[in-house]
Structures are given as C-alpha cells and as structure tokens.
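Below, chain A partners chain B and then partners chain C, in two separate complexes.
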Partner chain A sequence: MKSVMWAQLMKDKRNPLFILLFIAASIVATILFAGGIQTPTMVAVFSEEENAPEIEEKWHELLNVDSSFQFEIVTPEKAREDVMNGVIDVAVNVTETDYQIVIASELPTVSFVQQHVEKVFQREAQFRALEEAKGDKNVRSKMNSYLKNAPIQIEAKGLDGEGLPNFNLGTQLLFAFVFLVAMFMLGLKVNNVTNDKVSGVWNRMILSPIRKTGMYSGYILYTFLITMFQVIVVLILFKYVMNYEVGDNLGLILLIASFFVFSMISIAMLITGFVKTPEQFYSIYPSVIPLIPLVSGAYMMPGTISNPVLMFIADLFPMSHAMDAIMSVVFYDAGLRDVMMSLLLMLLIGVIAMGLGINLIERRNQ
Partner chain B sequence: MLETIKLSKSFKGKKAVQDVNLYLDSGESVGLLGPNGAGKSTTISMISSLIKPTAGEIKLNGVNIINNPEQIRRILGVVPQELALYEALSAYENLKFFGSIYKIRGNELDKSIQRALEIVGLQDRQKDLVKTFSGGMKRRVNIAAALLHHPKILILDEPTVGIDPQSRNHILETVRMLNKNEGTTVMYTSHYMEEVEQLCDRLYIMDHGEIIASGTKGELLSILSTEDTIKVQLSKMDDRFVTQVKSIEGVRKVEAANTNLKIIAKKGINLVSELVYLSEQHHIQLINFHTENPSLEDVFLHLTGRTLRD
Partner chain C sequence: MGNFIKKDLLIFWRDRKELITVLILPILLVIILNFAFAGLLGKDTESNLDLNLAVVNQDNATDSLEKLKEKLVNEGLVGEGEANVFVEQASHLDPVSMLLNYLDSDELKGLVTIHELGEEEAITKVEDGDLDGILIIPDGFTVESLYAAFVGEAPTKSLEFKMEKETNNTSILFDIVQGFTDQLNYQFALQEMDALENEVTLPTGGVEKVGAGESFTLTQYFTTAMGALFALFLASTVGTKTGLEIRQKVFNRILLTNSNPILFLIGKMVSTFCLTWLQIMFIFVFSHFILDVFPGRTVSFWFGVIGIASLLSLAIAGLAALFTSISLRVRNIDAANGIFMLVILLFGTIGGGFVPIYVLPDWLQQIGEWTPNGISLVMVTKWIQFEDLSNIFTPGLLLIGIFLLFTLLSFALYPKRGEA
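And then the complex of A and B:
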C-alpha cells in the first residue's frame, strides 16, 4: 500500500501544478459565483416609462430593505450593457406596477434576487388593492402603526434561545463549489487505476507479492489524502485569509468533508468499474459530476427542490447529505450527534459503491 | 520445470487458445512464434497467472499452480508488450517502485536497481525521466523492471516492438546474456523470426490459438527437408510465365513479388533448363538465380500458407 501511495505522490510531485490549479479553481469558482452574495449583490434598477425618475426612485427605496442586495438606479443602456458584460448578474426594469428581470445567463444569484423583488412587488400590489377597496390613501401608515402593536406577535428564536441565524447562500455556494472541484480532483486520481491497468503497471503489481487490498487501499488512501489536502487548504484560506463565513466548528466540518470525500471516491470507483479505458472515464465522469450539486440543490436556497423524484435521486448521492450536515453546523451550531445520520448515510453510500465498483473492476480483469 | 497441458482460453465463447501443450526446462531459452492474434499473449498471460485458463493445467515442477499462483509469481519476471512504466518518474524511481512492491527494501533494493540498470545499459541515465527516453530505452527500463527480484523464469512478450535496430540488438544481447551467463530460463515471444532463431534453443509455432509445430530449429527445418527454395530475379514479371513455372513438375509453390520469384520445389530437381527455356519464350531475362536453404519463415509459410507478418 505504501509503495502505491509513494508512486502516486511522486507523480504529483513531478506535476504539482495540477493540484495547485484545483485549489485555485475552488477559490475562483467561489469568488465568481458566491462572492457577490458574501458582499451585497449589486442589482441595477431602471425604468423606460415616461415618468421614469419617479418610478425608479419609488422602487429603489422599496427594494433596498435587505442587506443582501444593493439596488442602484442606472440608465437602461448601462444596465443592459453591464449585464451583457457580466459586470452585474441581474438588472430590474420597473414600471408603475410591474417589473421585468434582465439577465444574460441563469446564474445562482438570479433566483435569489427574483425572490426578493417578487416579494416586494406582491406586498405593494396588496397595499394598492387595499387602498382602492377602502378608498383610503393612508392604508400603509395605518397598517404600519397597527403592526407595531399587533395583538398577536411572533418572535422566532433558535434552539439556543438566541435569535434565528441568518441563512447565507454565499456560504452554501462556497461549500458547493469546494465539493464540486474536490469531486473532479478525486475522480481524476481514481482514474489512475484505469490508467495503470491500461499501461500494464496494474499487471506488474498483480504479479508481485503485494495484495489486492494493498493495491486498492494505496490508490484510495492517496486519493483521499490529496483531496482532503485540497479541501483543507481551500477552507483555511477562506476562513482565515479571506474571512468568509465558514462556521466556528472547522473540525466537525472537515470530518463531514472527509466522509463526503470517501463516499465520492467510492462513486468514482463504481464508475471506474464500468469503463475500459481512462478516456471513457474522462468522457463519463465530467458529464455526471456537475449534475450532482444541481440535483442535490447545492446551488439553491434550502427547500427549493421539492419534487420527490429529484429528492430521492439527490439522496442517492453524498452531496445532499454533506450539504445538510455542513449547513446545520455552520448556521445552527449542530454537533457531532446532530449530523451523525448524514455521516452514516454517506458511509453507507460509500461502502455500497466501493463494493460494487471493486467487484466490477475485478470481473473485468477476468 | 514449467509445463502446460491442454491449456485453453475462451473469451465470450470464442476460443483464443486451444489445447496448448508446451514445456520449459530449467536454463533453456524457448521461443513462441506466431503472427499477431495467434494467441501468444493470451498463453503468456495464463502461464504468468494474470488470467485463468478455461481448461487445462499449468504445472511448475509437477504441481498445478492455477489455483495457487503465488508459487510461480515468486520466480517469474514478466516483460509485457506494453510499456508498463510511469513516464512522469525517472528510471530509478520506476525501478524503486517496482522493487518495493516485491518487498525489496533499503540497500538490497538499491543494489537490485543498479544491477538491473547495468544489465540493460542505462546506469548513466537512471535519474532522467522516462518520458524523455527513446522508445528503445523505455523498452530497456521495461525489461529492467522485471529483473529486480532476480526471477528464475523470464517471459518476454514481444519486447522489441517498434524500436530502432540498435536498441533491438541491445535487448537481444541482454536476453542472451541473462540466459547464458545468469542461467535464467527464458520464454520469448515474437513475430520476428530472426529474433527467435537467434535467441532460442527450441521453438513453438502458434497460429489461430494452437501450437502447429515445435522443436529445435533443426527439427523444424527438417519439415522442409524434402524441398528446395529457389529464388529468381527477372528483368520483368509476366503472369503467363509464372503460371507456366507453377506447372513444372516438382514445383510445389511459387510466390511472385515485383520482379522476384520464390519457388519451392521438390528437392533435387533441375529447374535451370526449364526456367531458361520459359524465359526465352517470354522474352524475359534471368538476372539472378540461386538456391536457398529453407528458413523458419519458409517453415511457417509451409505450415500455414502465409507469412508471419501477413
């Protein structure tokens, strides 16, 4: 086992750029897709109505109530140009009573912004309906003063008696992208098994006194360690250098990440069992992997995916369990016992996939 | 020392190797000759315990080792057809890895590596990355990797494919040295007749998954002891001339290529006068004419009706 690990390490030592690129990819992807939510997301507001300045001013004030977004009034031309050039993800074309979202591509921030804008416009539509029904122009101020002393008031508190923590999609996206890049990295490392089988190195090992368990353990342990190294480096950089919200319990987060990495290595091993050549693996694996975070809802607010079929598929992959556990730790201070079920499910997926994968690889050898 | 008895292998019902009987005595050098797809690599994979036979036995010193492959693996060195090396590592690092999987450690490992590198003549390039090597040098490292644990039997599967003549000679010399000086038993597969002729004491000729002939070079050549091979160079080729040569009494086979004819005929018949007569009739000049001793290539042609590299 040690010899196999040493050989893999020496190969990476000769080409460290590969690992550095993966670490950089994790950081760049997070900054590109999640960075905008960590600081307020810039959203352009414009109107093309006759009384544009008035309309823009009205909605600018009503939309700017959440610290997650910063709406800025710009000209229609600038708004469209900025969206087209990727300077901003979203712009909102407002009218007196309605709005239109301007986007260039379906980025993760778009649905988040749309949810917020929709909420504000719906509330205003309700006020207008009430004003018309009552014939009273002061409904808004009356409603606000009434709500200040409402007969029934709800105060939400967390389990620790403190206020409810703010869910941060940026943090969720950070982990989603770190795991996405980790999945690519571990897949390429597991593919060394197929590479070595095709080159004949595998046969040399079979003819040697090294046991099959030692051979597989060497590849698996090396892949696990190098992927965990990447995950640890990236999370430490985010937490201590870039000051992202990664949670206080980094130890538990890394434990969850380690179960996730093991589980994904097993799935990569399962895919290895279906292919004959490294090239086949390269064509299948990168096509499957980006779908896992999508199906698992890793790019969306919790609860966005409600389709039972999709939820069932998501449960078959470790990512949904890993994200659930990590979000619980980061936002709700969950402890080891709270995330135990997610860890066990990932372990179960890992053991089953690994067993099937190795069995398929061995059958192919015959 | 090592023998196979009715060794067979089928892949999805298709027979790749059928009823192969062969043996290797200690210290001898045996060639396994056959065209591509003859079943040589499958036979070798079964002998080296990489794949299980569908039927038959493999005996090492009289003991069947099919279900107990460790016995043969300990004393076997296999040089595969493919370059089973890590190109990103140096020659030394590759050998260090392959030595370490044989549980050779420390000074002993270093000595084994230096010995293997010396045998293949790459001691001065040991620190260089394999990816910077020529095809021939890579093949030599491939051989060195099989020598680290001092195997008693060395199986080489077409070790000279795709390399320059100089490297080829070096490899052949290395194999000869291992066999003659170190007493290593060698099994050498190739589809280059001259390599096997040069290296091996005995030969097995395989075609379509079966052994079609075996013996020493002399024994195999005696298959053609009743025939002469005559080579003729003509000023031009004429199909009618070839047809008439074929019809001469005692002529068994005629092969025409460009302006050359290869005639296999009954031993002792005088073809000269007949050929001179026919060439005059067809206004063809006889440029060269000589009788050749039959080669193993001729034996293969005689047995299979085709050449080794068809």
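And then the complex of A and C:
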C-alpha cells in the first residue's frame, strides 16, 4: 500500500503544477462568483421629454436607493442600443410622472427592476399629490421621519427566539466551489487506476508480492490525502489570509469535508469501473460532475430546488448532504451530533459506490 | 486524406458508450436545468410554490381598543374626547385583522396556506418540516402599535417571524409579511398627515420592447449553452484521444507510411467539425421536440441556426487541432489532459455553460463573449430575437477568426520531423 502511494506522490512531485493550478482554480472561482452576487445590476435611465436633463436628474436620485441596482443616465439612443445588444438587461424611459421599462427579452432581472421602479414611482405620486393638497413642501421629510419609527415592526428570529444568524450565500458558494474543484481533482487522481492499467503498471503490480487490497487502498488513500490537502489549504487561506466567513468550527468542517471526499472518491471509482481507458474517463467525468452541485442546489438559496425528482437525484450524491451539514455548522452552530446523519449517509453512499466500482474494475479484468 | 477522416470517425463510432453519453447527457441537462430554474427565474414562479405559515395570535383583540383609550388617557397625552376620536379612527385600522385578512386574501390563496396554531405546536411542526415559518402576534401588539402610531414613536412590541433556517421559502414569506406591514405603516403615515382621502394619479408604467424582436427564454438559453458546452467537451475529447493513438503507436505508424503527417491533423479537424455539427444539431432538434424550445419559427430561422452551428463547429475544430498538436508535443500526456480540462472548464464557465451567464459579474460576462461558446450564445440570442443577418455578422467573423488563429497555432506547434 505504501509503495503505491509513494509512486503516486512521486508523479505529482515531479509535476506539481497541476495541484497548484487546482488550488488556484478553487480560490479564483470563489472570488469571482461569490463576489459576483453582490455587484449591482446596471440600469440605464433616460428621458425623451423636452426638459430631459432635469427629469433624468430627479429620477436618477430617487431610483438610486437600493444597493442591488445602479441607475445611470444615458442618451435614449445608447440605452436602446445597449438593451438590444444585451450589454444591459433593462433601461427605464422616464417622464415627469410616469415610466416605461425598455427590454429586449424576459430576463430574470427585469421583474426585480420593474418592482423597484414601480414602488418608487408610486410613492412619488403620492408625495406629489400630498404636496399639492397641503401646499406643504416638507411633506416628504415628515413622512420619512414618521416611517423611520413606523408603528408596526417585524423581526425575524430563530425558533428558540434568538436572533437568526445572517445566511450568507457567498459562504455557501465558497464551499460549493471548493468542493467542485475537489471533485475534479480527485477524479483525475482516481483515473490513475486506468492510466496504470493501460501502461501495464497494473499487471506488473499484480505479479509483485503486493496484495490487491494494498493496491486499491494505496490509490484511494493517496487520492484522499492529496484532495484533503487541497481542501485544507484552500479553507485555511480563506479563513486566515482572506478572512472569509467559513465558520468557527473548522475541525468539524474538515471532518465533513473528509467524508465528502471519501464518498466522491467512491463515485469516481464507480465511473472508473464503467470505462476502459483514461480517455473515456476524461470525456464522461467532466460532463457529469458539474451537474452534481447544480442538482444539489449548491449554487442557490437553500430550498430553491423543490422538485421531488431532482431532490431524489441530489440525495444520491454526497454533495447535498455535505452542503447541508456544512451550512448547519457554519450558520446554526450545529455540533457533531447534529450532522451525524449526513455523515452516515455520505459514508453509506461511499461504501456502496466503492463496492460496485471495484467490482466492475475487477470484472473487466477477466 | 479520406482514410484519416474515416479513422477518426471510426474511433468515435467504436466507442458507442461514450457517443451515447455525449449525445444524451446535454439533452438531459437541458431538461434538468429547465426544471431546476423554472421555479427560480421563470415568469409565474409563485404559482408552483406552496408555502405553509403558522399564525400564532396571542393578542386578545376584543378589548384592545378599550385598553388603548385607557392608555392614552392615563398617560395624560390627550383628553377623553380626543382619545375617543383617535380610537374611532383606529378601529378602521386594526393591524391584526388587516394582516389576517391579507394573508387569507384571494391574492395569496394559491401561494400561502395559513395554519392557526399554538406556539408550541407550531414550533414542533416547523422542526418536522411541515411548516415553513411562524408569525407570532404578541400579546398587546394592537394596543402598542396603535399607541405608537398615535405618538409617532417606535413601538415596544413587534411581530415575530420565526423560522428554523433561512431558505428560499422563508425569505419569500418574510417578504410577503414585511411588504404588507410596510404598506400598513404607509397608511398610518398618510393618516397622520390627514391625507387618506387624497386623490392620487398613479403611474401607469408600461413596457417597451426594443427591436420588436422575439423574447429570449431561459429554455432557449439552456439549449444553446449546453450545445456549445458539449461542443467544447468534444474538442477536449478529440485532444485526449490523441493520447490513445500515441500509446498505440498509431502516430508513429502513420509516419512510416510516407503520407504527409499534417494530414493526421487535418483529419482530426474535419472529423471534429462533422461530429460537433451533428452533436449541436442533435441537441437543438431533440430539445425542440421534447420541450418545444423554438415554437413556430420559420425555415429561414432554422437555416440561421444551422449556419451558427457550422461556424461554432469550425471554431471547435480549430480548438481540437490545437489540443492535438499540444498532445503530440508534451511528454506528460496526463498533465496535458488536465490542462485541456481546465481550459474547457474556464471557457465553459465564463461562456455561461455551467451557470446562467447573468449570474456572473459584468466584466466577466464581457470576457466570456470572446470564448467560442460565448460568441455562439450571443449569436443565437440575437438570431432568436431579431432574425437579422447584420446582427450576427461580426460575431460570425469572430468565430472564423478564432478558427484561423487556433489552426495557425496548431500548425505551428505540430511536431516537425523528429520532434514527436
């Protein structure tokens, strides 16, 4: 077992670029996508009235109150052109009291922008009516100060009455991408089995005094260790160097990650069992893997995927269980006991897939 | 020449398991993505949601108006008469019954189911996953809120929205309740200004569609993105298959036959072009039959799609040639395969293959429009919307440019005599 591990390690030591690239990839992916959520949507504002600059200026100020949208004044021609070319999704054509949304197609952002604009315009209409009726210029500030201490308040709380920790989709995405890259990395390492088979190393090992158990556990253990190395390095970098929120209980998170990695190694082993050559593995594995986080809902708010068929498929893979467990540790202070169920499920998936996978690989030999 | 193309096509044909995966998987993905995102981004999202909210009403509303009057008078803020007037006004603005009516209204009927429960029972049910959240109306809420409305200070009691974890469902529920309380507060503010009966002309709004084009739906997006993504995968598959041929000494044997070695590369390109083209058309046609992706489009529209698929296939053939040349050159074929995979993942991601491109930051979307799959996505988007050749002319040229660039690079990198 040791010698098999050692051989794998030497291969990577001679060519460390690969592992470094993967570590870099998971960090870059997280920074890009977790950061991307917060960038505001650009919306163009323009007017075709006679006193366009005034109107534009007025609404530009009133519309720019929400951090998720950024309204910018442009010329009508440019706004239409940008929308048509897909540079921006939405533009707003404003008049003194009314608005028109300019779109090219029904994109998801459109309805959010529309809601926001509608609210702003309705409030404004009411303010204006009020000002006219009262002849009072301070209506707006009076209303606003009244609403600051609004009589009816609502608070969100946890079930125990304590304040609810703020769920952060960025943190969830961080783990999703770390796991996604880990899945690719471990897949490539498990693929060494087929590589060694086609190069004849496998047969030579069979002839050597090394035992079959030793051979398999060598590959598995090495893959496990190198993938965990990547996960640990990335998480530590995020926690201590880049100060991302990855929870206080890093030990438990790494435990969950290790179960996940084992479980995914088994699934990669299963796929290896289906294929004959490393090339086949390369063509099947990368097209299956990106599906898993998607179906498991790792890129979206929890509960977004509610289709029972999809949820069933997601449950067959370890990712959904790992994400569940990690999210409850990071945000809801779950302990080992709370995540035990997820750990056991991942272990179960791992054992079954490993059994099937090794069986298939062995059967192919005969 | 013909023999080389035949050889490469045969390599694929022999491996039917892979062929089927490559053809079926993208269609499966389009269907899955459609399901997964239909609830998230689609137009009538709310209709397929079923939210369960428990309402725990601890506020005994019957005598609250009396209590309010007492409180107002006892605090010495107003006389008996003024208090009576306010209480009379307030009786039309009972927040609890308004809230309950709203939650029970037809508008929310299909969306939210209300369960009136005790707090203990509600908590157990939330923990069991039967309910999404609990709205608690605390004792004395009506009195305190109305009192706060009168004096214009923040109230001492507030509604509590309890949930186990923050999920999509709980945030929608919370937004619904909060949207209503905002509206209610606004009403109170208007009342404070004595402006409830004011005539207001509300903006009418409206939507203007530019170019009067057809709209571009998410299903169309997924179909296009998956088609382009799997075309990319095909490029790396061709690249990695070279590894097999190196191992089996196919390449060396070809050199011995005295045929021009560059034909090996050209054979790869032509076969990649054919396969990619077939694959993309397969994805488009089958998705169309299963999901009715492009309803009621003309024949000329489909010719345009064929044209775009051909251009993309050309660019992909160039990429495959580049991968092949690199494979023949490097010593460690595994590292090369890994790097191909990373390149494909990178192109796939920023070109919108793995996550909808709209999720990415703007600058990344613009870079993504320079990848072969990103360009084809832009082209299909425009073609679907406007069906106008002038719109897709430039990106089409860009795809040809990419093809030429990759081909030149691959010829330059192609091993010379004695280098393979």
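Here is the rule we go by: the second predicted complex is superposed on the first by the 239 of 366 C-alpha atoms of A that agree within 3 Å, B and C clash if a C-alpha of one lies under 4 Å from a C-alpha of the other, contacts with A are read in each partner's own complex, and residues count from 1 in each chain.
What we mean here is this: a residue touches a chain if its C-beta (ideal position, glycine included) is under 8 Å from a C-beta of that chain, and two chains touch if they have at least 3 such contacts.
None of these values were measured; they are calculated from a predicted model.
In the superposition on chain A, contact of A:E50 is made with neither chain B nor chain C. When the shared chain is aligned, chain C comes close enough to touch A:N307, but chain B does not. By the touch criterion defined above, A:M143 lies against chain C but remains apart from chain B after alignment on the C-alpha atoms of chain A.
Of the two partner chains placed by superposition, only chain B is touched by A:S208; chain C is not. In the superposition on chain A, contact of A:E77 is made with neither chain B nor chain C. Contacts of A:E118 after superposition on the shared chain: chain C is touched, whereas chain B is not. In the superposition on chain A, A:A7 contacts chain B only, with no contact to chain C.
In the superposed three-chain model, the partner touching more residues of chain A is C, compared with the other of chain B and chain C.
Shared-chain residue A:N15: touches chain B and chain C both.
Once the two complexes are laid over each other on the shared chain, residue contacts for A:G200 go to chain B alone; chain C is not touched.
In the superposition on chain A, chain A positions 15, 198-199 are in contact with chain B in one complex as well as with chain C in the other.
Only residues 48-52, 70, 73-74, 76, 78, 80-86, 88-89, 93, 97-98, 100-103, 129, 145, 149 of chain B touch chain A when the two sit together in their complex. The touching residues of chain A, when paired with chain B in their complex, are 2-4, 6-7, 10-11, 14-15, 198-201, 203-210, 365-366. Only residues 15, 17-18, 21-22, 25, 29, 32-33, 35-36, 39-41, 43, 49, 95, 123, 126-127, 134, 145-146, 148-149, 152-155, 158-171, 174, 177-178, 181-182, 184-186, 188-190, 192-193, 195, 198-211, 213-218, 230, 233, 236-237, 240-241, 243-244, 247, 332, 334-335, 337-339, 341-342, 344-345, 348-349, 354-356, 358-362, 364, 378, 381-382, 385 of chain C touch chain A when the two sit together in their complex. Residue ranges on chain A touching chain C, taken from their complex, read 15, 17-18, 21, 25, 29, 32-33, 35-37, 39, 42, 80, 83-84, 86, 89, 93, 97-109, 111, 114, 117-118, 121-122, 125-126, 129-130, 133-134, 139, 142-143, 146-147, 149-159, 161, 164, 166-167, 184, 188, 195, 198-199, 274-275, 277-280, 282-284, 286-288, 290-291, 294-295, 297, 299-307, 309-310, 327-328, 331-332.
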